[in-house]
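The first chain written gets the first letter, and so on, giving A, B, C and D; residue counts start at 1 in each chain.
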Amino acid sequence: MFYFTDSLRSLAASMRNVFRRPTTVEFPAVRRPRPARYRASFALLHDEAGDELCVGCKACERICPSEIISVELLKKESPVTGKKRAYASDFVLDSNACIYCELCVQVCPTDAIVMVKTPEEPAYHRQSLVLTMERLYENEKHRPLSWANATLLAEMQAPESKGATKVAESE
Amino acid sequence: MNPWLRGLLYALLITNVFLTITAWSIWFERKFSGRMQSRLGPTFYGPWGLLQPVVDGIKLIQKESLIPASADKLLFVVAPPLTVVLALGTAAVIPFSSDIIAADLDIGVLYLLALGSLTIIPVWMSGWSSNNKYAMLGAMRAVAQGVSYEIPLVLASLVPVVLAGSMSLSDIVRFQIKNGWFAFWPPGPGFFAFLFFLPASLAEANRIPFDIPEAESELIAGVSTEYTGMGFGLLYLAEYLHTLVISAVASVLFFGGWDGPFAPGLHWMVLKTLGLFAGIFWVRWSLVRFRSDQLMSICWRYLVPGGLILVMSAGLWVHFTRGGG
Amino acid sequence: MEMTSSVARGRRRANPYLDLESYDPEADLMVLNLGPQHPSTHGVFRLKLYLDGEIIVKVVPFVGYLHRGVEKLCEKLTMVQLVPIFDKNDYVSPMMNEQSLVMAFEALLGVEVPRRARYLRTVLAELQRIASHLLWLGAFAMDLGGALGGGATLFMYCFRERELILDVFEELTGCRFHYNTHIIGGNRHDVPAGWAAKVHSALNVIEPRLSEYESFLIVNDIYIERTRGVGIVDGALAMELGITGPVLRAGGVDHDLRRDAPYHCYDEIDVRVATAEAGDCEARASVRIAEMRESIRLVRALIDGIPEGPLGARKPIKTPLAEKATEGHSYAAVESPRGELGVYVVGGGDNRGASPYRLKIRSPSLHVLGCLPYILPGHSVSDAVAVLGSVDPIMGEVDR
Amino acid sequence: MKLLGAENSPEVQQLLIEQFSATATTIGGPPEIAVDRHVELAKILRDEHQYRIFGFVVAVHYPTRVKEATEAGEVIRVSYGLRSVGKGTRLASWQLCVPVGQSVPTLVYLFAGADWQEREQYDLVGVRFDGHPDLRRLMLSEDWQGHPLRKDYAIDTKVHPWR
């Protein structure tokens, strides 16, 4: 009959945890801080002059393992500089099937697509999880951007880099 | 007072008080187990989630009650309410204070044990009528376990009966008020009888670590597998009711009922019952469960012989202290 | 019928192809389908149990409910694109999946991985092992104790501590599950500033808590009665079935790829391999807990000494066709928390050789499940659940 | 004539060449031996060379349009791997080549672990194993049409799992 003494040990262990601080938080009210590299949804960026960075090269469309990005190429005059250059006339990212692998960010030649740090994107319809170009540019303004972009990722992985990159870190 | 009126009054009182306490004890358990598990527990409805039982009840009532096509419909429907009735019926003889008692039977302990062991029947009914293999296995285990643990339960409750020389629960309490609680005096039989009583009654109520009939990691939900909505709710409620009644009985038999160091009365009884109830929750959320054959071997190899020895030693105590009796 | 459960728990091997006619024509056997929707089959797995009373006579396992055709998908996607896909195979230790895959591709392409990346991979692998074993411990306790009892309590504790490791991974890679942090020839994400300190503080919390869990569950008599002598997989049976990892080591076979066929930088560090003799559920649990402690030691030893240098051997990928192989077969294996996780690649597939021609995942969980028909007969249904929990199968990896 | 990343040890390689007249294939991979001698090889490896842990079975389908297919036309190549125990563990692997429709002798009676592995390869690639006690589909349902990992099975083949 050693069940009693053994059980006392289990009871003590569980009682000790009653007095520890709970790990969970009241979710909608309290939110966990996200590290700088946290990746969730997407955003398309503008450059300093306010011109769209995306050149519609379809590199992300080709590399996406889930095949959820579709880009339409358009050549037009830039509203900012007035020069003729390539743009994406349409950019759709269907995040229903997205696996958040960051490969599209990695391959972007102009650092146009980045990921954002807000994970909570509940929706009532599948259609509202489809990120259209307007929503992607909207995200640039309203969502905290993740740290990584193509240049920074390439810098980290480059074979000629010498040791630990001293990159900006978590908030 | 008219005995019929009195009976009705007490029936209403006991039903309402017990069901209310049970409902909020589920809230307490969820909060307590939540803190134990580093969680917050219910927080959403009312302050500290206090309205959670209400919401749960509404949810369960709203749900569609499904009856499996191959089930025995009558038994399937009758079983859950019957478990609740039997669990509540046990409460009739519990003395809450010197004058709050529904029926002060001379054979209170016997009534208690008899009604308690009847709970196996609705459990078996629900398991059999579900026509589900898991429910069937669970019911079989419940019957085997209930029948076996009846014996140590009877033996353990015989100890206070022998010591007090009465089968009436209020007499047992009065004896304890005079001579000290059985859990502490006489040293030995009473305390050990309590240690036997608690697991045996937990086994009867199918609580962890003896909840093998509904071991959800093996049998999904045992007897309640096929139940939905309020049918499930009643089975669930009956389990808690049973546990509550057990706590009350244990505090009457071993901890002196309404007796207390000062101002004896109802509050002591409530305090002791809820304390034991919380203790049972603590045990539940801390232990893993036995296998069914191990459970049987514990019963027949340790608890039954041990119970016999306890009864004998209680008898000897009575013989030598009160001489021949 | 004299086969009682106590006799059956000896070291013997049941016949998985038992002809029920020859068993006992008089016996009234009950067929119980444990799964595919069952709380403790760790996913969607079905055991068809033939029961005599509550004693199991014959076991027929069915897998494939989670089959997603990953191997077919591998023939269509390119090597670069496959890495994130592989996170989902063994969804409890995604790092190991990525590592085994990129190692197979590196062997196929003949890429030398820089030392810094190899160090980082070792650290990640060991951290992942702790996280995976913690989840196993919680799930095992839940199998023994139920979702509404002590088992669930330990489950929550284990998740609480596992969270610390996921936080560290999140800091490094930006994700808690779909890391995608390995590339062919290195790693994608470099160590952020102050990461080592965070790993240290996480380990400092986890190590004392492990002892707490032991006093909560492992030394408890109820637990010992449930696990000792239950589901014995001895070394010989395990090797024959191709079982590797903790289940093999619990059967007394001293075999660990980290020490015996070093990859990453395991040749630079001394890995102490935990073994046990009994081969039962208790031995498997003790081996896994010892492995957690060993992993904590390894991470502590490695984390401060990550060498300087480049992280990748190849130019950062810009197109899915970045890596191509026209021919050749390669095989690479890592010691995942469940055993030898190998990837067999045949090069030269579609997309001008950028896709594998054929890719086969040697999943340790599939091998481990093969032992059930041999060891379960003679046990009761409760034991079946305990054994299933103790061998730690991950269905995503079994079915692929 | 080697499996990159997990080459045979020199002794095994010698054994394969001298006793089993193993040949290199045109497409790389482990050495190829005659189909009827492969159980014998596994037995020697297990009993005399301590290759006691069952490794893997991989079947690869080569349709006729692939240039590597031999004169036999459409073939299936089956690679087996065994692992030795303990310090310095190595993988021993070999390869068999059979025309589609012919079967390979099973290893179940030497290695119980071959049971499910061979069933999986039968299921997905459609190579039959002679003498297997329980050759059913493992991953897919019993009534599945075709073998998905064959090269002529298009990835977008329509299936109707719910009937």
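A few notes on this one:
In this section, a residue touches a chain if its C-beta (ideal position, glycine included) is under 8 Å from a C-beta of that chain, and two chains touch if they have at least 3 such contacts.
Treat the numbers as computed from the prediction; the structure is a model and nothing was measured.
Looking at chain C and chain D, not one chain touches each of them. Between the contact lists of chain B and chain C, the overlap consists of A. Taking the CA centroid of chain B as reference, the farthest chain centroid is that of D. In terms of C-beta pairs in contact, the better-connected of the chain pairs A-C and A-B is A-C. Chain C has its Cα centroid 29 Å from the Cα centroid of chain A.
Per-chain CA centroids place chain A at a distance of 54 Å from chain B. Spacing of chain A relative to chain D, judged by their CA centroids, is 42 angstrom. In this assembly, the C-alpha centroid of chain B lies 61 Å from the C-alpha centroid of chain D.
Contacts with at least two other chains are made by residues 36-39, 285-287 of chain B. Of all residues in chain C, those touching 2 or more other chains are 150, 153, 157, 160, 216-217, 220, 222, listed in ascending order. Residue positions of chain D with contacts to 2 or more other chains are absent.
Chain contacts in this assembly follow no simple pattern; the graph is neither a line, a ring, a star nor complete.
Pairs of chains in mutual contact: A-B, A-C, B-C, C-D.
Chain contact summary for the complex, chain C toward chain D: residues 16-17, 63-64, 67, 69, 71-73, 75-76, 103-104, 106-108, 110, 237, 239-244, 248, 253-255, 257, 259-261, 327-333, 340, 342, 344, 346-348, 357-358, 360, 362, 366-367, 369-370, 374, 399-400. Of all the residues in chain B, the ones that touch chain C in their complex are 33, 36-39, 133-134, 137, 208-209, 211-212, 215-220, 284-294.
Those residues of chain A that touch chain C in the shared complex are 2-3, 6-7, 9-10, 12-14, 16-17, 23, 34-39, 59, 62-65, 99-103, 106-107, 109, 115, 146-148, 153-154, 156-167, 169-170.
On the side of chain B, the complex with chain A involves touching residues 32, 34-40, 43, 195, 282-283, 285-287, 298, 302. Listed in rising order, the residues of chain C touching chain A in the complex are 77, 80-85, 87-88, 114, 116, 150, 153, 157, 160, 163, 170-175, 178, 180, 183, 186-194, 212-213, 215-217, 219-222, 306, 308-320.
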